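What follows are several structures.
Two complexes are shown next, each including subunit A; its partner changes from subunit B in the first to subunit C in the second.
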Partner chain A sequence: MLLQILVNGILMGGLYALMAIGMSLIWGVMNIINIAHGSFIMLGAFTTYWLFAILGMDPFVSLAFSIALLFALGYGVQRYLINYVIRASAFITLILAFGIEIFINNAALVSWTADIRKVQVAYGAANFSLGNYVTIPTIRVVAFLLVIVISIAFFYILNRTNLGRSIRATSQDLDAARLVGVDVAKTYAITFGLGVGAAGAAGTLWSILFPISPIMGGELTLKSFVVVIIGGLGSMLGPIIGGLALGITEAFGTNWFGSTYGNLISFTILVLVLIIRPKGILGGAD
Partner chain B sequence: MIIMKRLLKNFFYGFLTIGLVLSFGHFAQAASKSVIKLGCAISFTGGESRTGKLYRDSYDMAVEQINKNGGVKVGNQTYQLKIVYYDDESDPTKSSKFVEKLIAEDKVNFLLGPYSSGITIPDSLVAQRYKVPMIEGGGASGKIFSRGNKYIFGTLPPAGQYFKSTLEMLKTFNPVPKTIAILYSDDKFDISVAEGTEKLAKEMGFDVALYEKYAERATDFSSILTKIKALNTDVVLVAGHTEESLNFTQQAKELNVNPKLISMTVGPSEADFRKSLGKDAEYIFGVASWSTQMNFKGYLFKDTQEFVKEFKAKYNYDPDYHNASGIADVAVFKDAIERAGSLNKEKVRAAIASTKLDTIYGTVEFSENGQIKGTSVALQILGGEIYQVYPNGAKKPVYPFPSWKTRK
Partner chain C sequence: MLLDIKELNVGYGDIQVLWDINLQVKEGQVVALVGANGAGKSTLLKTISGLLKPYNGSIIFQGEDITSMPSKEIVAKGIIQVPEGRRLFPGMTVEENLMMGAFRRKESKNIKPELAKVYKIFPRLKERRQQKTGSLSGGEQQMCAFARGLMGNPKLIIIDEMSLGLAPLIVDDLIDNVKEINRQGTSVLLVEQDVQLALDNSHYGYVLSTGKVQMQGNSLELLRNQEIKEIYLGL
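Take a look at the complex of A and B:
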């Protein structure tokens, strides 16, 4: 049973990491706390749902669509909304992101109603067993692999490509970046697009595992936020460490103290991390 | 900030003017065409909005039916019914404020209830304070009815009794299951269900092996399911909400947890639940104070079957017990007002208390505390449809469940 709890925790951690990785990228590079992150995850989930419901498209095919669509949306939102206030204090971008969240959620509520929907695929609850002790849900393993792929992709983009160099340059020294000819607005927009695209991927996986509704975003933002803080900013490993730490502690915590205390446990970890290692477990840059 | 303030101020005056103009229009209309106003603060948005809509649809349909067939007769005069709605955003504080507004500003005659016990409690206290009778179809927690509040009447049966028919059904199985896991969401209604069920189960000689509360709107049940698997309980009873029931069922399959029976308070009776889970919903039990397979002589409609047909034609979904309860609420108002022969709130309150009315929901009779007398039935999903299986079901219950792996 302990082994099963550990596996539950690790796999939940993978899902948390997948949710948080986009938020971590945007926060780390642009210093924007994207409160609307959960709403973008919701949009990713609904992209998959509608492609599935109308065209019968398999969620793993529509994964590409929800990433692409959310990337475009993220690019647009940054370029034509957030870009105008990016020079202002962090507080203003926070409020703008909050406004975007309210807008997205309510637009979704109006157009799709508050109905709870489910992507009903045959393999949604597929699993395999290791011996007689541990049952492993397949889709959660896939989510875990996906977050590793995405974080490697982000790592590669940030460290090995020209785009990545521009992104890092703008986050390190804006004026210098501009002097050497980096198109700052475009770089920011691409970064934001990448982060939101990752949210789209998380949404697709989420929609296979859980029922979805337009108001699901708020809690996901909160969880992502905790994961990012726990893991620490500035590294692609951060969200994975944060996600795993949260997933495993929650799994054991709810087992010992009871299921009502899930949120209490996550926020206790958050507070502990903030006290002991204010820059996150990995202790990245501020 | 200053601009914001000014903008808000302008909006405020704008709305005030519009509101005033509208309400004058309102009064003019009320005078020419006698109207009884029912006030209702209910969830159009937020977490309870799905079920809130079920009640709104029913309230609207019942009112339409009454108005079509001659309205409400008080003495020699006939009145049309009209519902004044506010969206409480699934927030108990907002809901009770809107109820206050309905009474003080909209001057409604009587009140219809919101959905969910947690919201009904504060709303019922406002009704009591202003001495305006409220009939509600969406709150069953004992906490609503244990306060000596004379102005609240509820048409959902007592929460603690919800699983009674299910437990009785367990006794008819061979072999009789021994161990039970009771899981419940951390909200007032589900706590009442769980407390009542635990007591009943112990009295009936079952072993309650797991009794665990989970956070409202929980998405991940892997830790509870792992416990159930380790304890290997025969029966799992879940008192929660649709979304939780969906998650619980899918994750039971994900983690290959196979109790002999799973029953859930909310979910199985809703068409959405079965559509969302498809084949995985098969064999899940539910409880309800009402099902579409029952047949009662109606008050507003000819009988239950006739109501089900008309309802489906109008709203394009199957009504469940929430809908039926909502219809009964409005029916009780019409009957009580006509028997009272007056719109006086005290007289109508007394008339409601002495109600004995045949409706498509069954016979409505209230206990001393204002809650309906009656119990609930056990349902099971068989072949994609929900059937009443105990007592006197249309079909025999399937027990035990085939395990997930052996299902086609």
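Take a look at the complex of A and C:
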């Protein structure tokens, strides 16, 4: 029983980690708290939903479209909107992101109505057992493996490529990056694109596992925010540690106290982390 | 003429910092720019590197007006700055920092020979190439910043406050490196608070004070100048 809860928590934690990777990247590099992050996750989810509903495209195939579309959207939003206030205080970019969130949510509501929808794939109910005690839905395991693959791709881009080095350089010392010739505006746009692209991937996986609706974004932003804070900024491992921590405590918490307390548990952890380790579990490391 | 700055006026918003600056660096020269803290040296460097737009005036590099170019293009033209306080990327290793130095170069796909060249000048950096730069000593950090600048293949390297906070022996070593780089054909703009050091090791000098060029001339003559002796050298 405990093992089953633990496994559920880890699988959920993987998805939380993927949700938070993009938010953490954008926050760490540009000092923007992207309040619209959950809305981008919602757009990723609906990309997959419509490709499935209209074209019958398998969600694991539409994952690629979701990432590409959201990358392009993120790139554009940064380049032609946020870029104009990037030098202003964090408060201004926060307000702008808030505005973007309201816009996306309402545009989605008007276009698609507030109906709750589900991507009903034929293999959705498949599962397998480990021993006699643990039953695991196959689709969650596949989603978890994808989370790992996408995270490794992120690690690779950031640590082993010229693009990744320019992103890290920009976040570590803005003026020094400009003095070696980094095109900061472009780097910011690509970083925002990568972060929003990761949100798109998270949205696709979310749509396979749970029902979706145009107003799902707010709660996902909060969850991502909690994960980023728990894990700590400035490290790619932060969101992964934070995601697993949140997933596991939530799984045990809802089991003991009931699922109505899910959010209460998340935010209790948030407050505890802020009191005990304000920089997050991995804060300050890199 | 490699670098030709004409009638440059610069400031932050309404507060003017530099007034009618004229400054030239000839091909193959080491030029010293000296002056006290707050004289406007850093502002001038920011303007040359494109981080700050001047009110008016022009900056000509190799006959081309670079006054309002973005910094990435100025770097690509071959004006590279080694900033005050080193400004290394603290989360990166020595080698990654050096690779960032070559970021703007078209042939940056193959920077192995460049790395080897720079490691030959600074063997200490080769020993420490996998270390994060935060764990280096001050002198090693300055070497790393200098080496990162060289990785950009500069025609003109601008070195800002190289000697700050370093032991005299280490400064001597670094000055030898500067002279060696200059012998190999790179022009140098040496920006220093240490007037003696800068004028001892340059061909030509400019003295900046309260945002204006107060004096200029051959470095040796400036060293003998009574006013400079009294104000800057305390003799």
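The rule is simple: the second predicted complex is superposed on the first by the 284 of 286 C-alpha atoms of A that agree within 3 Å, B and C clash if a C-alpha of one lies under 4 Å from a C-alpha of the other, contacts with A are read in each partner's own complex, and residues count from 1 in each chain.
The rule we apply is simple: contacts are C-beta pairs under 8 Å (C-beta built on N, C-alpha and C of every residue); 3 or more make two chains touch, one makes a residue touch a chain.
None of the values given here were measured: they were computed from a predicted structure.
With both structures placed on the common chain, the touch criterion links A:Leu96 to neither subunit B nor subunit C. In the superposition on chain A, A:Met12 makes contact with subunit B only, not with subunit C. In the superposed model, A:Ala198 makes contact with neither subunit B nor subunit C.
Once the two structures are superposed, subunit B and subunit C can be ranked by residues of subunit A touched, with B on top.
Looking at the shared chain after the overlay, A:Asp173 reaches subunit C, while subunit B stays out of its contact range.
In the superposition on chain A, contact of A:Val228 is made with neither subunit B nor subunit C. Residue contacts after overlaying the shared chain place A:Asn127 against subunit B, while subunit C stays out of touching range.
Of the two partner chains placed around the shared chain by superposition, subunit C is the only one that A:Gly181 touches, whereas subunit B remains out of contact.
After overlaying the two complexes on the shared chain, residue contacts for A:Ile82 are found with neither subunit B nor subunit C. In the superposition on chain A, contact is made by A:Asn162 with subunit C only, not with subunit B.
Every residue of subunit A that touches subunit C in the complex is listed here, in rising order: 162, 165-166, 168-169, 172-173, 175-183, 234, 286. The touching residues of subunit C, when paired with subunit A in their complex, are 49-51, 70-72, 75-76, 80-81, 83, 87-92, 96, 99-101, 103-104, 108, 148, 152. If you check the complex, the residues on subunit B that touch subunit A are 45-47, 49-50, 53, 186, 212-215, 217-224, 226-227, 229-230, 242-243, 246-247, 250-251, 253-256, 272, 275-278, 280, 404.
On the subunit A side of its complex with subunit B, the touching residues are 1, 4-5, 8, 12, 109, 113-118, 120, 124-127, 129, 135, 137, 139-140, 209-211, 213, 215, 219, 250-251, 254-255, 258-263.
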